[in-house]
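One structure coming up, written as structure tokens, with questions to follow.
Letters A, B, C and D name the chains as they come in the text, with residue numbers starting at 1 for each one.
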């Protein structure tokens, strides 16, 4: 990485500021040329603190700036597709937070624009870049477990989201399990062929009243012949539970939770260890830096991004199949969803 | 436990000798009055070594002996139901190795005979008595995890059985997963309502040719509203993998594998720990003693046995539902199976 | 092991019954011919329960019996040396619980008698036979850690002994640390050359008033050039802490505590595991069986015993050096002790 | 922390750049006004990259600058005392990398200057600020283990330093164990009264030829009555081993190594985990940020620094006592050293 590239940050909310801070702290070859924030004040103080002089509430100014090479799209979900399309037309490389959009046709429009423009697109599935999960995937790809037979993912949040959020989230599969669907593809190196999911409302009845579920088990069949199971809960009393296991013909790789600290207290009652790290920002801190690193390397070295638009689309299809499976209590082939969306 | 009871051992194969040895070593109040072995020679040397004077190849002699209080049925599976029926008629309390029989009507006949006779029956689902699993179930029953939400069981063997055995085993669900179906009921304290299973042949094609599977994931819905997932493999390169996890509203209890030893070697390559204990006889050694203890206590104190005939039947129904689910690729309600067998 | 040997048990207290039970349960080729118990009643009920017909309060009857091949000496410490001498004279092989005696001259008398008679003597340092510690020693002997550099032993009891016992115990080093001195020799395969020890009274002032210590750190220099440190406490709030670590040129082997069960509970407060197994009889259960196995093999196959009289003597010398070191606050060479006792 | 303070960085070698980078990335209220680097070129490129305009090879320019509030002294050890004295005279608060100096009289001069000037001094014993060790100390201070009885520290490097470095390092105790002496004071909250140390040359004979040791065990007696043991090695085959254990009347707190990743591979041979993090910069990454945070908070809030000049002196005295102990093979009271240096 020896050139210099200019980047614009579109969106200065929590995740936008996070990416911005990382960019400033860790990427001397990348210049954070400007920030778009709506409303302006939301990002103004931060930008000023960080010494970023150019801040606007109109992202098009940044997209139209010929000196800018790439954009980081961290704005609200409903704006992602539109900004991708415009940025692609302006020839900018794009890093976009997940999801690309909440409807497949909209996603397809964005991907088409990117394809037409020939720019690079990377989707923010950061967990692939977590050192622990990345290492596990490396070991699988390296043949350490032989052929993958069984994949297991456990993903549980410390707190359920507010019911207001649940109502507009698109449902647990699109909002939360989407990461696990991506992780399943990442670890298996294969596509999901069929899904059978069971959903339940066990954490908070209000979530059920809002039309969503809060607990689920999703069974997957992969093209490769491997099978998998994901279990989710919106609330684990002990915090943020993020574990994977890949089992194959030669063995198994497992990743346990990262705890708050390594202290172990032994006393008259028990042997007491710390709970898992509580906040996703803390647990996945390194992954946010590493995904940006991968993006900038792809841009500078003219390589494909490691998480493409297609990688952004597939988990949405899996989520849609899972929703249908819960609703109709049957296994749902991905091709059934693809066919309806004219993707076959 | 202050009386003395007389017990006959029917069957002196591997599991019969195991129970016999445990009986002699750990139960001073229980007298092993006689052994039935077919053929006689198979058990004769062992019986002699152990100082058991009465050995016969005709189990009915022992069943007809009025001084005998209880029988341990460890003979071949196809004889279990018949011996149960005769022992029940003779008023003997019965400990019977799993399975009671391979067909539900036959199981029902045996259970009916036991019911009519008013004797006690305990089925040999020993894993319930493993100190680690028993402790986990205790914690769940004690409310340590609140209401059960998600149950996970991983059960993998070190070696697949010979194809000859596979052909007569009744299939992986009836032969191997049956323990996990029992464990699921034991841990959840609930009944399984519905099953969706995916089976695959990933370990050995010969197993598929023999009409069976060697890898599976089974999803369960419990009457209580909880959900569960079991994953099985006939061959784990690292040995015998037996793990459970119960997750609920207040937390989670997990049981990891018991390893060969606690030694940890750190060297230039890695930090190396021992693999799980390889043989089921070793891993579950204590459980075999403890299940007999529970049986003898039930007999001596006139209490119900902790693993009843009904406990012996239910996992067979779940296995049948799982087989159908794999065959027809749909979720199968247990009531569908029960209805066909006139059990509703 | 294909012959039959006849054994007499001398002493039927707690440890005597333990050895007796193990002998009966696990060694078909060994016949427990008779038991000596003082007083007779102390062992009579147990002997009767176990079907041992010959019980006496005069051990000489058993020693004089020409059919008896070996004796297990589990009587009170002050009788060990005398019984060893008489048994040796009678040509019996000897397994003797630690310690051989509390004074070195008396130990030397016993060892001399054994040498003269040419019989086998094994001392009951059972922890060498614990599967975990034995495996660690195997790995060291196998070169897995290269040359030993640093040895660490932690040994803490769940409860301090009663002050009455402390007064006659010979002191913590002779009573408790003696096992660790033996373990240090066993793991290092070397002799201790010099000792520096710090003792403190931190658990119970009454122990100090009784003239003993309850907390200590002992530093060891080995002939091989390796160095070591042992830390002891008479009371760990969390139970029975028994850990070792051997560090060398190629790596390290560590043995952690064995816990009550493998259950791990994660809840709103913490991740809670079980405490170490509490009772030495439970923690070292297998070691008692395995040390007898080694003894009987030595007898039957005419091999040296793995824990000789010399192995019984050395830790006593180390304990004496440690006591002097605490008293005079200086390092004490073992040769200083040996010289005074005319052992050089 | 709501004011702004101006800081000068003196020394732009590896540790200087590390502190500088952290300062820039994590402390918006702290302005890195200038950098002194000898030679100038060594730090010039870095300063330029970081946007630091003022760089000089004469640190006095920065010290004389009235706008500068504090200095970070990261220059070579032999300059520390001199710069402390001058900075103190100029009324600057001081963060100084360890050690203050290699001779006690020189340390005393520096501490006297700081005292006279009434400025704040913090010494760079960063491990106190490691989240894991800090948490352990917090638990001890909180009474979680009751009264401290036994302290254990293991500290082993992945690679021995070059012999050239060994010759000028002041010896292993002053160069490496110094951190453990500080950790012992930090965890125990007490002073070391007496030291007995054993040193050996087991890793590399060249180190012995250079007059140093590479393996050691140091026993400590604390004023509080607690006792402790530290073991060191200049080379652990498995990397960087940094562990502590504090045992007391109510229990024990232990901190294990932080591994490269949480992946665990189970295969036909073993269960394989990652080695400890290899580089001290990686293992203690957070501690460097947190120690600066503590320093700036002390400056801004006019509080005492958490690692004072006295904290910088004591471990040097302990190291001197340890050296004498090895040389003369006897326990050495700290007061003996203090007396000779007129510190009593």
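List of remarks:
In this text, contacts are C-beta pairs under 8 Å (C-beta built on N, C-alpha and C of every residue); 3 or more make two chains touch, one makes a residue touch a chain.
This structure is a prediction, so every number in the text was calculated from the model and none was measured.
Greatest centre-to-centre distance from chain A is found for C, with centres as Cα means. Counted by C-beta pairs in contact, the busier of A-D and A-B is A-B.
Taken over every residue number at the interface, the positions common to chain C and chain D amount to over half, indicating a same-residue contact.
The distance from the centre of chain A to the centre of chain C, each centre being the mean of the chain's C-alpha atoms, comes to 58 Å. Distance between chain A and chain B, defined via averaged C-alpha coordinates, is recorded as 43 Å.
Distance between chain centres (mean CA atoms), chain A to chain D: 40 Å.
Counting partner chains per residue, chain C has residues 236-238, 241, 250-252, 266-268 touching two or more of them.
Interface residues of chain D facing chain B in the complex, by the touch rule stated above, are 236-238, 259, 266-275. Contact residues on chain A toward chain B in their complex (touch as defined above): 146-147, 149-150, 152, 154, 156, 196, 198, 200, 202-203, 215-217, 219, 221, 225-229, 231, 233, 235-238, 241, 247, 249-252, 329-331. Interface residues of chain D, counted against chain A in their complex, comprise 24-25, 28, 49, 131-132, 135-136, 139, 144-145, 250-258, 260-268.
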